[in-house]
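To keep things simple, chains are lettered A, B and C as they appear, and every chain counts its residues starting from 1.
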Amino acid sequence: MLAGLFPLYWVLKASLAPEAALFAAPSLLPREATLEHYRTLLAERDFWRPVRNSFVVAASTTVLCLALGSMAAYALVRLRFRGKAVLLALVLAVAMFPQISILGPLFLALRELGLIDRAPGLVLPYLSFAMPLTIWLLVAYFRQLPPDLEEAALVDGASRARVLGEVVLPLAVPGLVTTGILTFLYCWNELLFALSFTVSAERQTVPVAIALLRGRYQIPWGQIFAASVIATLPVAVLVLLFQRRIVQGLTAGAVKG
Amino acid sequence: MRAGGSLQAGERRLAAGLLLPGLGAIVLVTAFPLAYTLWESLHLHDLRMPWLGRPLVGLANYAELAGDPRFGEALAHSAFFTTVTVTLEVVLGLVLALALDRTFRGRGLTRVAVLLPWAVPSVVAALVWRFMFEGDSSVVNALLGRSLPWFADARAAWVPLILADVWKTTPFVALLLLAGLQTIDPALHDAARIDGAGAWRRFREITLPLLVPALGVAMLFRALDAFRVFDVVYVLTGGGPGTATESVSLYAFDVLFRNLRFGYGAAISMTVFLGAFLIALAFILLLGPRLVQEAER
Amino acid sequence: MTQGTTWGVTRGVILASVATLVLGCEPGREEGAGPVTVTFSASEVGREAQLLRAQLARFMRDRPDVRVVIRSTPDAADQRHQLYVQWLNARVGEPDILQLDVIWTPEFAAAGWILPLAPAADDEADFFPATLAAHRWNGRLHALPWFVDVGMLYWRTDLLERAPETLDELARMAAAARGPTVPYGFVWQGARYEGLVTVFLEVLGAHGGRILDAEGAVAVARDPAVRALRFLRRAIHERGIVPTDVLGWQEEQTRFAFQNGQAVFMRNWPYAYPLMEAEGSRVAGRFAVAPMPAGPEGEPTAALGGAGLAVNARSRHPEAARAVIGYLTRPEQMLERAEVLGHYPPRASLYADSRLAVALPIPPAAAAEILERALPRPAIPVYSELSGILQLWLHRALTGQSEPADALARAAEDIRRLLERAELTPPTEDAAAGSE
C-alpha cells in the first residue's frame, strides 16, 4: 500500500525541492524546502488560468450531465417500456467508446461552429463520455432505492413527474453527489479532447498545461511537480472526503453491470 | 390505480420525454460523429492540401492502412500493451483484493491509498513515472545501482509505461474484485473448511468460479481502456523512441493533427473502434450468458 | 432535509454552475475606438525576446494606434511548427503575425493560412533573390524575409593554421588535431530532425547533388547523394572523427561540445558565434568561421535557413500586422539584429554598410558571397513531410541500420509517392511510376 503511495509522496517532495537538488542523488526525506516552483508557476506562467478553465468545463459538464442524466436514469429504472435492456447496453457501450474514433468529426464540427478554443467547445465533446457514465451510475443507484415512497405518492394521485421531482430527487442526493464527483473527476483528468480542441495557452485545461510544460530543452521538473500537486489537489480532496461514496459508486456501477 | 393501456401510453410518453434530452445528447455527440468518421474514411481529406479537394476514394485509405508498417506496429504495440497490462492488473488486483478482504483496521486510509493513484490525472501519473526513470541518476537507476537509458531503448521504454498504467489502475481493478469477493457467501467457505479443504483449494473451487463475473467485467473494462490508451503514452514516451511505443490512438492523433490527413486518420480511427468492438464482442461471447443475465435484472 | 430545502439547494447549485459557465466564456475583444491589438509569435531564445521587445516598443511609439503583444512559443522549431499548424488549422485569428522558418512558408501559403504580401518595388530588389524565392508560392510572396541563416564551419584557430578547403582535407585535419583534451574531430547536428537535413544538404551540395533537381524530379537517390551520405557515415563509424553522440544532438548540444573545447570542427548556424565569444566560453578568442568546404565535383554549399514574417489569413487586423512587419524588416532594425544577435540580414545593400562589418565575424563581402550561393531546401508545400522521410532514412543509414544506397533509394521512393499524392509531380518524371 505504502509502496503504491510512494510516487505521489515523491511528487510532493520534489515540488518543494530547490532546482539543483532535483538531479542530485535522490534522498528519501527532503533536505531543503522552497516554494519557488509554485511561485514561478502561478506568477510567471499564469497557471491559475488552466485551473479555472478545467474547473469551468468540468463543473458545467457535470451539472448538465446530472440534470439530463438523472431524468434518463429514472426513466430507465422506474418506467416500463420495451427495449430497456438494449438501451442500457448501448449506453454502456458508448461509455467504452474509443474517443479517438470521433475526434476528427468533432474537430471539424467545432471548427465550423467557431467553438475551438472555447469552453462550450469542450463541454459538448465531454458529454460523449460523461453522459453515459452518469446515466450508468445513476441507474445503478436508482435501482437500490426502494420504490415504496414513490408508489405511495402515486397512489395518492401524484403524477410521475411530480414524484420524480419531489420524492425521488431528495432521496437521490447522495447518489447524485457521488455521480457528480466521479463525473467531475473524469472531466478534470481528461487529456485527448482538451489537447485537440483548445489551441491557445489561455484556454488550456490543467492536464494539457502540464503535458505541454515540457516545451524547452530542459524539462522543468520542479515546476511540473508543483503543477502536478496543484492538479491533484482537488482530486485528492474529493477522494479524501468522499472515499466511501466513491468506492460504492464505482463498484455498484460495475458489479451490477 | 388506473388500469389499462392509457397508463402504459402515458408512461411511454413520459419515458420518451425524460430520455430524449440525455440520450439525444449522447447520440448527437457520439453516433453522428462516428458515422461521419466512417464516411470520412472513404474520402481523401488532407487539410494541408486544400487544392486536392475532398474526393471520394472508396477503400483506398484502408488499402493504404493495410500496407502501412507504422500502423501494423502501432496495432502490435496496442495488443502487447493490452495483454500485459490487463494480465498484470488482474493478477495484482486479485492479490490486493484478497488482502483487503481481510483487513479491518485502517479501512479509510487503505481506501484512500488505493483510490489516489486511480484518481490522479493520467498526466501526473505519467510524469511521475517518467521522472523516476529519466536520466542517468534517476530514482530507478539509483535503486538498481546502474545507469540505464530507459527511454532511448525501444524495448526498455515499455517498462515505465506499463508500470505507470499498472500503478494507476490496479486499485480500480482491486476495488471491483473486492466488491465481487464481498458478495461471496462466507458460509460456503466455512462449509468447505469444515470439510477439510485448504486455502488454495477453497480459492480455486469456491472463490474463483464465483468471482468470474466480476473478473470478466474488470477484464473487459481494462482491455478496452488499454486498447484505446492515449494519455499515458503521449506524456510518458510520446510514442518514442521514434515510434517504438506508439499506440494506435497515438498514431491516429498524429495523422490527424500533425499531418492533418483527416481521411486517412478517420480510417485509423475506424479500425480502433472496430478493435474495441471486437474485444467487447469476444468478452460478451465468452462470458455472455452470465453478463446478459445481470443486465436484464 | 425537507423537500423545499433540497430544491433550493439544487436550484442554487444549478444557478452557480450556469454562472460559472457564463463567466468562463469571456467576452470578445472590444472593437472600434482604441488601439488595435495584434499578437506576435516569434522565437524567444536567449536575447531575441529582449531585442524584439525593444524594437516593438519603438514601433508602438511611432504608431500609438497599434498595440503589439508577444505570445510565446516553444523554443524547438519542430514544436513551434506543430503549434502553428494547430493554430492556423483551427482558424483562430491569433496570432496575427507569425515568424515562419524559411521552409514553412510554401506550406502555409498553399494551405491558405497566410496572406500574400507585397514589398515596395525598390525593396524587392534589395533582398537576396534566394531569400525571396524561399518565401514565394505560386508566384506570390507570402512572408518578408526577416533574417537569414547559413550553415558554416567553425574551426579552432589554436589547433589549426587555416580552414580546410575540401571535405577530405577537413577529415584529415580533424583526425590529426584530435587528442585526449579534444576528443571530437567534427561535430554536427545528427539527431533525427530538420537540422540533419540541412547538414546533409551541405554535404550533398559539396558533392554536386540536390534533393530535387531543376525540374523537380527526385534526385536524392542518385550517385552524389550516396557518396555524400557515405562520407558522413564513414566519419562516424570508420574514421572515428565524429562521435556517435551527434546522432542525438541538435544545435545546442553541438554548440556546447565545441564551446567546452571538445571539438576541432563544428558545423552550425551563425547564432553560435556571439554566444561562444562571450564569457564562460572556453573557446572564446580561439575559433573562427569559414564556408563549408566542397567535396569532389561539387561546390561549397551552405544550407539557406532563416525566418520570415507572415500575416495570419484569419487575422482581424491585417493592415496593422503588415505595418509591424514592414517596420521590423527595415534596414535599421535588421542591422540592430545583426549587432545584437549576430543574425545575418537578407538585404544586400547592408553588406556595403561599415556597421555590419563590425557586427559580423567575417567580412561582409565574404558573407554576401556565401549568401548568394546559399542553397535553399525545396520550396514545396509538402516539404515537412519530405523532410520527415529524409530524416528517417538518413538517420537509419547513419546509425548503421541501413546501407546508404538502400536508404536513399527507399527515401526517394517515398518522396516520389508523396509528390504524387500531393499532385506536385513535375511534368517530366524519370521514375517508372505511372500516373493518370
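One rule holds for everything that comes next: a residue touches a chain if its C-beta (ideal position, glycine included) is under 8 Å from a C-beta of that chain, and two chains touch if they have at least 3 such contacts.
Computed from a prediction, not measured in an experiment: that's the story for all the values here.
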item: Which of A-C and A-B has more C-beta contact pairs; value: A-B
item: Furthest chain, CA centroid comparison against chain B; value: C
item: Separation of mean Cα positions, chain C and chain A [Å, integer]; value: 41
item: Distance from chain B to chain A - Cα centre to Cα centre, in angstrom; value: 17
item: Per-residue overlap in chain C, given as positions that touch at least 2 other chains; value: 86
item: Residue list for chain A, restricted to those that touch at least two other chains; value: none
item: Per-residue multi-chain contacts in chain B, two or more chains; value: 257
item: Contact footprint of chain C on chain B as seen in their complex; value: 47-52, 152, 242, 257-260
item: Residues on chain C engaged by chain B in the complex (per definition of touch); value: 82, 85-86, 89, 107, 110-112, 192, 248, 381-382, 385, 422-423
item: Residue ranges of chain A in contact with chain B within the complex; value: 1-2, 4-5, 7-8, 10-11, 14, 23-26, 68-69, 71-72, 74-76, 79-81, 85, 87-89, 91, 93-94, 96-109, 124-125, 127-128, 131-132, 135, 154-155, 160-161, 164, 185, 188-189, 191-192, 195-196, 206-207, 210-211, 219, 221, 224-225, 228, 231-232, 235-236, 238-240, 243-244, 246-247, 250-252, 254-257
item: Residue ranges of chain A in contact with chain C within the complex; value: 52-53, 55-57, 59-60, 62-63, 67, 111, 116-120, 123, 165-166, 169-170, 173, 199-201, 215-217
item: Chain A partner contacts - residues on chain B that touch it in the complex; value: 1, 8, 10-12, 14-15, 18-19, 21-23, 25-26, 29-30, 32-34, 36-37, 40, 108, 110-117, 119-125, 127-129, 131-132, 134-135, 137, 139, 142, 167, 171-172, 175-176, 178-180, 183, 213-214, 217-218, 221, 224, 227-228, 230-231, 234-235, 248-249, 252-253, 256-257, 262, 265-266, 269-270, 272-273, 275-276, 280, 291, 294-296
